[in-house]
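We just call them A, B and C in the order they show up, numbering each chain from 1.
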Amino acid sequence: MSEMWINMGPQHPMTHGLWNLRVKIDGERILDVDPEMGYLHRGIEKISEDRHYNEVVTLMDRSCYVAGLNWEHLYILASEQALHISPPERAEYIRMMCAEFQRIGSHIMWYAAFVQDIGLMTPFLYGMRDRDLVLDLFQSFTGARMTYEYMRVGGVRNDLPPPFLAQARKVLDWLVPRFKEYDELCIGSDIFHKRCDNLGVLSASECVRHGVTGPMLRSAGLKRDLRKDRPYSMYRDVDFDVALADGADVTGRYLVRMEEMRQSIRILRQVLDWLEHHPGPVMADQLPRWLGAPYAPVGKEGYVLKRNYAKGVGFSSIEEPHGEAQAYVVNEGSERPYRVKFRSPVFANISAARQYLVGYRVADIPPIMGSVDPCIGEVDR
Amino acid sequence: MDSLYSVSYGISHAIAFALGSILPSGARAAIESSDVVVAFAVLIFGVIILAATMINTIMLIWWERKLLGRFMDRRAAMHVGFAGLLQNFADGFKLFRKDTVKPRDADRLGFYFGPTAYMITSLMIFGILPISSGWDTGALPLTLLLALAIFAFAPLFIFVSAWSSNNKYSLMGGMRSAAQMIAYEVPLLLAVVAVVLVAGSFDLNTIVYEQQNYWFWGPLCVALVVFVAAMLAEMERIPFDLPEAEAELVEGWNTEYGGMFFAFFMFTDYLRALVGSVLVVLLFLGGWTLPTWVPSAATSFPLAGIVWFMVKTYIVFGLFVWVRASLPRVRTDQLLRVGWNRMIPLSLLSVFLAALVVMAKCLPVFGCLPSVGT
Amino acid sequence: MQPDDLARTLSPKLGDLLLGVEPFEGMAGRVRFRREGALDLFRVVRDDLSFTHLSMVGGVDWVDHREVFYVAWSDSLRQYLLLSTDVPAEDPRVESASSVWPSANWHERETWELVGVSFDHHPDLRHLLTPDGYAFHPLLRSFKLHEPEELEVKSRHV
């Protein structure tokens, strides 16, 4: 076969979402790649300019559909800074709890999808089974399994129901031995090592050059975790280690994510203990009344600044399951954000695709791209 | 009820005489003549084999689904029929009702010929394989060789259908499939040579009779390992299912097929899995025989041979399913490297070991390995 | 690092291309600069101030002018830095940062198509999220929601 371009996507089992990886191949070898995005572009940043601050939370769930609460967290942190509102401590702890459970849910989802890419069917169903428990937990206090709409500017929507803490501890106890099972199926298998070792290598300096963050960066041995380096919410008060690996390859990313789930469980146990002993309000008092105002579309006259409120710019950056997510919210004294800009970690990770794909084989694309954990909802926004 | 011939001849005879009794005497003589009855018997013979093969293949899919479900901590098919037994029939009917979409630029002849020939050649194998004493097509001296020869047609038809689909993924899948099947054909045949050496015949009946005292899996364990691994590659099952590795090649060489022709491919894959399991049972696990220490009650009921044969076949296939449930897929280059660098030396070693076994049979010291044929 | 430290390092190297350094909550500071000094500033920020990681490039449409902002992270300082420059709406262009930080590539493509700021010497300025030939910059204030838009979308692969 001579050189040819093939389209892996937008409808292709490898993509895990709607995007197109154009690959130039010679036989089985990859010569060049060109990721094409935009198939899932919904204009979330534009729609946000048309919504009240709290209504944007709805869009955040759709931003990354496996890490909805992380994105709510991100947006809420930036908005609170822009609006000069600070939430009560209990709300911060609940958000942290949401974020860590969501991280576990997202990583399990990643595990399920990733192992299926290299042909393992069984762990896929194990992963889905265990992720359901996390979703059940979310359902018990947000009422939804995927699009939660739970966080609010100034706090969270409601407090946890009384049996929640016991349930959550039960789930954590169930998950710990499951992670061992996951490892036995993957790391314990020679074929897994044959497939994943020294694959998709991207060194730490290249990661930094190309803006790659998250487990991909930590698998290269660079210790950067915003929860430690720039603690937001209450991460300063909990005790955990940053998951690291060396090798900068697919196996390394697998190990980092597995370790992160274990660390999340460690964080969660501390957070659940805190929540048990510190009841209190979950919403800030003295919020401006318009924060709860219903949605009213902008009319023909365009964007009218109706109220005068202190202006401000908010910036937040969190360690999302996929990497560093950032939000930049401009508040111009209206009830709607003037401009919202999100930085998706997967966006940057995919943009470096040429660096970690070229030179490998076609059969390596699914494990490598799987190890990036692409969530196209947050790339296209 | 002691052989497939007598069953089909009996049915044919009964039908001919039942028809004859209601026809005028001229026609009656014609229809009750022995030539007509025999010709009719051959037809019924074929129909029985075809029906049994198809039902068994579909049951095999059910068996795989149920087993996989258990491995994966879920319950698999359970709604259509008892324990989901009819689920695959329902799925099959659904596929047959569906439209077959041919890509505009696909080659018409190859596109339809490929899957059809793939299925027909694989079905032919079952005309040869014996499933119990007497339940076979009879005295063909080279059944094993013929079965393997027909089995080896497959890469050709896969490649024809992949190429004529005019799709890059199909083509890549077809190339991989051809490379893989050709690479693993050699160790497969060498492992079979080991069996043939010990049994002294290419006739599957003889091979089974030779195993009455000891099954070949013991003395020929290396050959068994080679045979099973090569068979997994020939069947294109995980961990060697890279021609249709869905993660990178969509569905490999059957990407462009839908409806009935997809059903042909799917069905034939399991047909070939059935052939593989049957061959493992025949060559290494004593076919329909049981070890001599088993009480005779277990082998004396009617059709006992067929029952035990099926039990063994399903257990062997269950092992293939187990492998599928617990191993990831390898890469093409790794597969080919293992095929040429490891499997072929190993299969040569198995032939050498088989020669030692043959020599041992001739030595009076090893009286524990008596042979029936000598 | 505080805004004063930033100003002390930056002002001798950039002169009047530096418009000022303001404090910004949660960051080392916010550096405002003239667009002519973009590349010089990026090099100084990366090499002298060790902000090796460019996280985000974005744009804000202020109707009369547009603002381009950059967020950079330093692994040694464990801090973010916000850089921003104003470009006139009639001539919205600024030098591309992708020669200094390759990670700016996609962010600038996105900013170009959504906010309509063009980046000079960008290696690969193509549409990323919107279809090729899409004639609008959706994040401009003049692009109104709730109004039918007339699109002419060219085929992506010719």
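One rule holds for everything that comes next: a contact is a pair of C-beta atoms (placed from the backbone, for glycine too) under 8 Å apart; a residue touches a chain by one contact, two chains touch by 3 or more.
The model shown is predicted, which means the values in this text are computed figures rather than measured ones.
Distances from each chain's CA mean to the overall CA mean are smallest for chain A. Each chain gets a centre from the mean of its Cα atoms; the one farthest from the centre of subunit B is C. One finds 24 Å separating the Cα centroids of subunit A and subunit C.
In this assembly, the C-alpha centroid of subunit A lies 48 Å from the C-alpha centroid of subunit B.
Taking each chain's centre as the average of its CA atoms, subunit B and subunit C sit 64 Å apart. Of all residues in subunit B, those touching subunit A in their complex are 68, 71-74, 168-169, 171-172, 175, 238-239, 241-242, 245-250, 324-334.
Those residues of subunit A that touch subunit B in the shared complex are 1, 4, 6, 8, 12-14, 28, 115-122, 124-126, 129, 185-186, 189, 191-192, 194-195, 361-366.
Partner subunit C is touched in their complex by these residues of subunit A: 36-38, 41, 43, 45-47, 50, 81, 208-213, 222, 224, 229-230, 297-300, 302-303, 313, 315-317, 324, 326, 328, 330, 338-339, 341, 343, 347-348, 351-352, 380-381. Residues 24-27, 52-56, 58, 60-61, 69, 71, 73, 75, 78-80, 82, 101-103, 105-107, 114, 127-131, 138-139, 141, 143-146, 156 of subunit C are the ones touching subunit A in the complex.
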